[in-house]
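A, B, C and D label the chains in the order they appear, each numbered from 1.
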Amino acid sequence: MIVETNTAILLTMLIPAGAMVTNLVFRNRPDLRDGLTLAAAVATFITVLTILSNVGNGTTEPLVMFEVFPGLDLAFNVEPLGLLFAIVASGLWIITHLYGIGYMRGNNEDNHPRFFASFSLAISAVMGIAFASNMFTLFIFYEILTLSTYPLVAHKGTPEAIRGARTYLGILLGTSIGLQLLAVIWTYSITGTLDFTKGGILEGHIAGPAVAVLLALYAFGIGKAALMPFHRWLPAAMVAPTPVSALLHAVAVVKAGVFTMLKVGIYIFGIDFLAESGASEWLMWLAAYSIIAASVVAMTKDNLKARLAYSTISQLSYITLGMALATSMGALGGGMHIAMHAMGKITLFMAAGSIYVATHKTNISQMNGLGKIMPITYGAFFIGALSIIGLPPLGGSWSKWLLIVGAADTQQWVMIGVLMASSLLNVAYLLPIIGRGFFSPLPEGSPTKISESPLLVWLPPAITAFGTIVLFFYAGTLQEFLSPIVSGN
Amino acid sequence: MNKQNDNPETFPRLGQILLWVDKKKNVDRIVYALYAICALLFVADFLYHKHTEIKVEEIPGFYALYGFFMCAALVICAKGLRLLLKRPEDYYAPYDTQSEEYPEDQLERIDHDA
Amino acid sequence: MSVESTHVAMTLNDHLPILQVLVPLATAPLIVLIGSRRLTWSLAFIASALSFVIAILLLMQVIDGSVISYQIGGWAPPLGIEYRVDATNAFVLFLVTGISTLVLPYARESVKSEIPARHHTLFYAAFMLCLTGLLGVAITGDAFNVFVFLEISSLATYVLIAQGSYRDKRALTAAYDYLIMGTIGATFFVIGLGMLYMATGTLNMADLADRIADQGANRTVRAAFAFIVVGMGLKIAIYPLHLWLPRAYTFAPSAVTVFLAATATKVAIYVLLRFTFSIFQPAFMFEVNTLEFIILPFAILAMFAASFIAIFQSDFKRMLAYSSIAQIGYMLLGISLLTDTGLTAAIAHLFNHGITKATLFMGVGILVLRSGGSFYNRIQGMGKTMPWTSAAIVIGGLSLIGVPGTAGFISKWVLVEATIEKGWWPISILIVLSSLLAVIYVWRVIEVLYLKAPLAGTNYKEAPLTMLIPMWILALACIYFGFATDVTLTASRAAAQGLLAGSAGMM
Amino acid sequence: MLEQIPTAFLFFAAAIVLFAIPQGRARAALLLVVPVIAALHVWTLPFGVFAQKEFFGFTLDLLRVDKLSRVFALIFTIAAFLGNLYAWHVRDTVQQVAALLYAGSAIGAVFAGDLITLFFYWEGTAIASVFLIWARRTEGAFNTGMRYLVVQIGSGVVLIAGVALIYRETGSIAFELMTLGSLGTWLVFLSFGVKAAFPLLHNWLQDSYSAATVTGTVILSAFTTKLAIYALARGFAGTEILIYIGAIMTLFPIFFAVIENDLRRVLAYSLNNQLGFMVVGIGVGTELALNGTAAHAFAHILYKALLFMSIGAVLYRTGTAKGSELGGLYRTMPLTMIFCVVGAAAISAFPLFSGFVSKSLILSASAHEGHYIVWAILLFASAGVFHHSGIKIPYFAFFAHDSGLRPKEAPRHMLLAMGFAAALSIAIGVFPSNLYALLPYDVEYVPYTTTHVITQLQLLMFSALAFAVLVRTGVYPPELKSVNLDTDWTYRRLIPRVIIGVRKVVSRLWQINSNFWLRRINSAISRLYHSHGPEGRIAQVWPTGSMVLWIAILLGITLIVNFVS
């Protein structure tokens, strides 16, 4: 026990916050600034690992910071799902930061200090979300995350970026204040607590159609989960520089959304209560619709990042679906998919960014034959894509397996069909990029030799691609790690 | 194409020998040989004891007749089918390989006389 | 309710209630008499700081729900004038003195640039009088005394607003408008008081409460109530009676705007609370109906109409003024719920909005100081040149929206909770919807500050520390009170419970 | 020790090592050595289940060796060897890696002792093989590859869904004999059926095999479908419906083959038809029938590869594989022609060729079990095979009218590969007992009886006679530059058209709808601006008098409310 767990929890938030400050203070010394942030990223990751080694997959007592309302504390604790989220986010932060340095410098972007400061603050908020021990705390950090990522989306300052950022903020704040806040307060006013409790807190306090209404307020209120029809912010946010899209819109922000969704499903409603009341039935169908519809839209997008964004929308709904199935396997699959999808999608985004840095191309139709001159980038993209599709030997196959098993448990044959169809749609919109990248002729005047992007840009996606393979082999460990969240309510 | 320098001397030895079938007469000979073999085989059916599983097999020349008529029927049916199914070669173009040339750089086209 | 201490022993501590009013009151003539431009500001600041200390001491005494009754000159009420301090008004005193203590350092630079030096002494004297008036209104236990202090503060306010005329002549008409309307309001108020006196023969609040409770609701009492509500409504700037406010806030000197926005309407709301709950009985049907059928709809109307206006504004200061009208809607809404939680929300919002708006108006004042105007096309891109000011504005803006982690969130949370508790969920939805409108108008400013290029050829310096520090204290307070709610919520809850207990709270 | 290393891993390791070896002969040699080592490995494996891994809460059997899996694994290694030898000249890393991964996955799948491992390799074959199609590097090949991929991965996802259902139902993931009944087993069955090119699910095969590279098609022809046959034999032996499916499968492709112009497509149809024989064998399910299936698969891989190699060689030298363009090539490509004829003889089941000793097992089994109609269909199909693969292919490629093409003989390594395949096909035909010894069950079948030889010759010769007569009378349909519609028309034409139509309608409706709302919203905003904007009535500076009016009104209302209540 190097650091006490409770101290470590606070450190995970304070270190990134500190990085924010150093970024602003040393605004004119790029190397020092970036170095310190990297150190912070590593330190955060180590701190999270310390928590892991202290707690394992257990749950700790809440660490209360303030009592804000009677019975409502700003409080943190460790539980497996949150710890997993924290590990994923902090681990990928290191890689993304390296990538971010390479990308921002390679692309000569402006306003580095502001960029990295907001980035660090966002990570801090993510840690707060991951370790929140009640819905109230989670909600606070959820909003901080929204606000801290806004400057990142608006980063370029172009009219397009401003419009994108408006949509981003409008939907995320609109849903969270307009719906989620209502849901949270409603929950609080009928139960008198918002603590995440195994088996949920709502049972016995609410019944009938009201359960479905409350769930709807949560499901739509958690705009970060990009459930249709509140998904537009995600493609809009793609105007951001790629490191942002990579970490925040493939990992941190969207995962914060589905993580919240899972938390609500597991610890507020309780899986058994959801199953008994049947309140999540409609959500299941909506998630299924989201999965398919977003995939179909993805197929029509020529802009690579937009396509990936829609793919993310579709994949996020897997997790929502896992929760809405209201079976332990489904919830577990959803939980695992957080990690699996994170690793796969960040690879795809970073590869997309790598293509952009090397060739300044954003549209798929212009990317013919690039695989030949950027084999590592494309190789990474290929592996990431296979993981998203859910093929072995890549991590994505296991979470999909659990989701299918979950659907089988509830005899939701249609959901199985949806998951199957979604895999095929993924094939249809992801693999053409590979096919064309490797096998279509390069346009006239392109370099014929291998000309990869800078090292710091192509290496990170290669690492995460390798990560998806590793996740495949350690999926069992992961499942065991997560199992307490659904066992023995 | 390269008919003008179509010199059999340059063909491989085996090819030169096989040029035998180039003559119409020799082709006819082959066909007549086929007729003869068929006749022989048909007759053969009467010359040995057939081990059969199924009744119809016992009909003399069953296999021969079956083969002949079914094949004729096959071709005629297929021909009819063609009326229904035939489409120009570029029907699916450009999403199909049937309508495009095989990429030259993957081939090693060497004409024999070149 | 709980212990009531009538004072015999005379330590300084026991004289706090009168000192609360006396200190600024005495300072005002002192400033004029000394007439030294150098000392003026220091005197005012010392007075204000002293008042603040007194307010804190008072608040600490009553936060548990107890009541201090102070009889001036030893004359027992109802004959003599009584100052009564309970959780409600101690909280208001705390807010008012706190803000004034923060505004004064800020005012130093701001006033220097906006008002000619020869008027400084008078300005600070007026400021002290205004403070006196507001404190007096809050602290007194005598209905007529309320009117007197109200007039003191109002008259001082007219003067203060008119000082804005050195920057923009329209300040004069704004002040004049306010004068007319304020006078009408005060008149209505005093008519109401007259009727009450006619009906009961007393003007001491506690006494009034008792007698009204005894005799029940007769026509005179009803009419009195109507006059008082409408009269105070004008001061509060209840939605259709708000017309004086935008212009007064826009054209007044920056420091004055900060002070008025954070305190004047809040004090008026306090008066409304006091009359509605402590003097009249919430049990009276006519009162319930007035709240439900008049205040509630107009509150909601304010939340939306004023927000929409704010959205379309292109002047930062004016936008904030309209947003104030909308925010007043929240407070009135909380009051009209007539529940414990609702009142808590209203009182908490009174405080939280006070510090939020003060932060914002201070920010805009600084922008005006540097750029000479508060129109969006003048202040655009200043996020880069004046990062500290702009950051504080962002914090204030977030608190205005009610983003979690800020003071504004706390009161909004309680307000929504109150409506849900009462089962009025459509109103909950309206509250969050109007919060979303706040997102829009706040975000317009943020975009202007950060995402637009600075005007060509401008390179503004960051504001002087004397302005930055008060603003940042308030900005940090916005965040602090977003987490640590023991002061705000505890006090508000105590106040709400005291008020809801009706006249019993006064006895 | 050796038996703990799955054979598949050899191929995967080689695929990685490949990158370390520079392009050239050394690399080509590695590609040849690996299948040889693998074959030895397979040959030395004892029977039993090895390389069990605890994984994700399951016990995965990576190496289940028994007679059935061994014979398939063995022929797969041979096919890999032949394919790589044939592709000796290829200097395309992508194809080399794909070939190794593909062969490895197929062998891995054959040895899979449980359904999850099967799924892994099942998808592995899908992903690896598509590169052999894409490697043609044309627009058409890209699109064909995408279609192929969707079908193949589709088969995989159907499989995993079925496995999940079976797992939840029985708690087991063992890959054993299944009975059709539950949804899970049906899904697994369907998944196998897709890869086995069941009727109506078959068209991916013709579509893709004719689109792959010269060498790619040879490799493709060996694995995917035979893997499916193996899986069916393992999981659904004796399932009656397979008999009928198989019978239809033998029947309908021959009609298409007759009128098809692209010779590689003709071969793909004939491949489909040959699969039908195997499927019937599985459906019959007796020991004899299953032996027949295994034997036929073994023989089939060899002669089908041989045929694809010979046509591939023609393509390699002339740039086309279309009957209408070819003809008269025997002059300059006589060896290729002879190998082609050997392959044709083998597929047509001439005595002394491999097809004769394997196919007859299935025919006998079906007759033996009393499936007479099926037997008759198979007999017809046999004649039909001879007709299109046995005669049509060599005839139109190498004889018929002289196309004037005088290409050089196929390269030496191709000839060598064809030679091996031809030799094996003949060797099996002449010494069937060696093959029979490998089969899953003991064989007491004697193929060379007088009756069998004579009847078979009768069938084939009279088919040839029919061909001769029809050609000479001009009834025989000439080779035409054309494509023929098949089930792929539904997803290449019909569905896209429908989608385009639907999309048009939907986008139109969407546009109308969103326009409507946009207009509404815009007008609402402008109305709001009109009233609440800086110049709007509500935000305007009102005269003080109006204010007083408001006060009066409000007071009035308040008074009324107060007095009424």
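In this text, contacts are C-beta pairs under 8 Å (C-beta built on N, C-alpha and C of every residue); 3 or more make two chains touch, one makes a residue touch a chain.
Keep in mind the model is a prediction, meaning the values are calculated, not measured.
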Contact-graph distance - origin subunit C, target subunit D: 1
Most remote chain, CA-based centroid, reference being subunit C: B
Two chains sharing the most contacts, counting C-beta pairs only: B-D
Centroid spacing, where centroids are CA-atom means, of subunit A and subunit D in whole angstrom: 37
Centre distance in Å when subunit B and subunit C are each reduced to the mean of their C-alpha atoms: 102
Rounded Å distance, subunit A centre to subunit B centre (Cα mean): 62
Distance between the centres, which are taken as Cα means, of subunit D and subunit B, whole angstrom: 26
Touching chain combinations (by label order): A-C, A-D, B-D, C-D
Subunit C to subunit D touching residues, read off their complex: 177, 180-181, 184-185, 188, 219, 222-223, 225-227, 229-230, 233-234, 238, 240-241, 243-244, 246-247, 285-286, 288-290, 293-294, 305, 308-309, 311-315, 322
Interface residues, subunit D side, partner subunit B - complex: 89, 136-141, 143-144, 210-211, 213-214, 254-256, 258-259, 262, 315-320, 330-335, 337-338, 364, 367-368, 372, 375-376, 379-380, 383-384, 387, 399, 404-409, 411, 449-451, 454-470, 472, 475-477, 480-486, 492-493
Residue ranges of subunit A in contact with subunit C within the complex: 65-69, 74, 139-140, 142-144, 147, 151, 154, 157, 162, 165-166, 169-170, 173-174, 177-179, 181-182, 185-186, 188-189
Touching residues (chain side subunit B, partner subunit D) in the complex: 1-3, 6, 8, 11-12, 14-15, 17-19, 21-22, 31, 34-35, 37-38, 41-42, 44-45, 48-54, 56-57, 61-72, 74-79, 81-82, 84-89, 91-104, 106-113
Contacting residues of subunit A [partner subunit D, same complex]: 386, 389-393, 397-398, 400-401, 404-405, 407-409, 413, 416-417, 419-420, 423-424, 427-428, 431-432, 435-436, 438-441, 475-476, 479
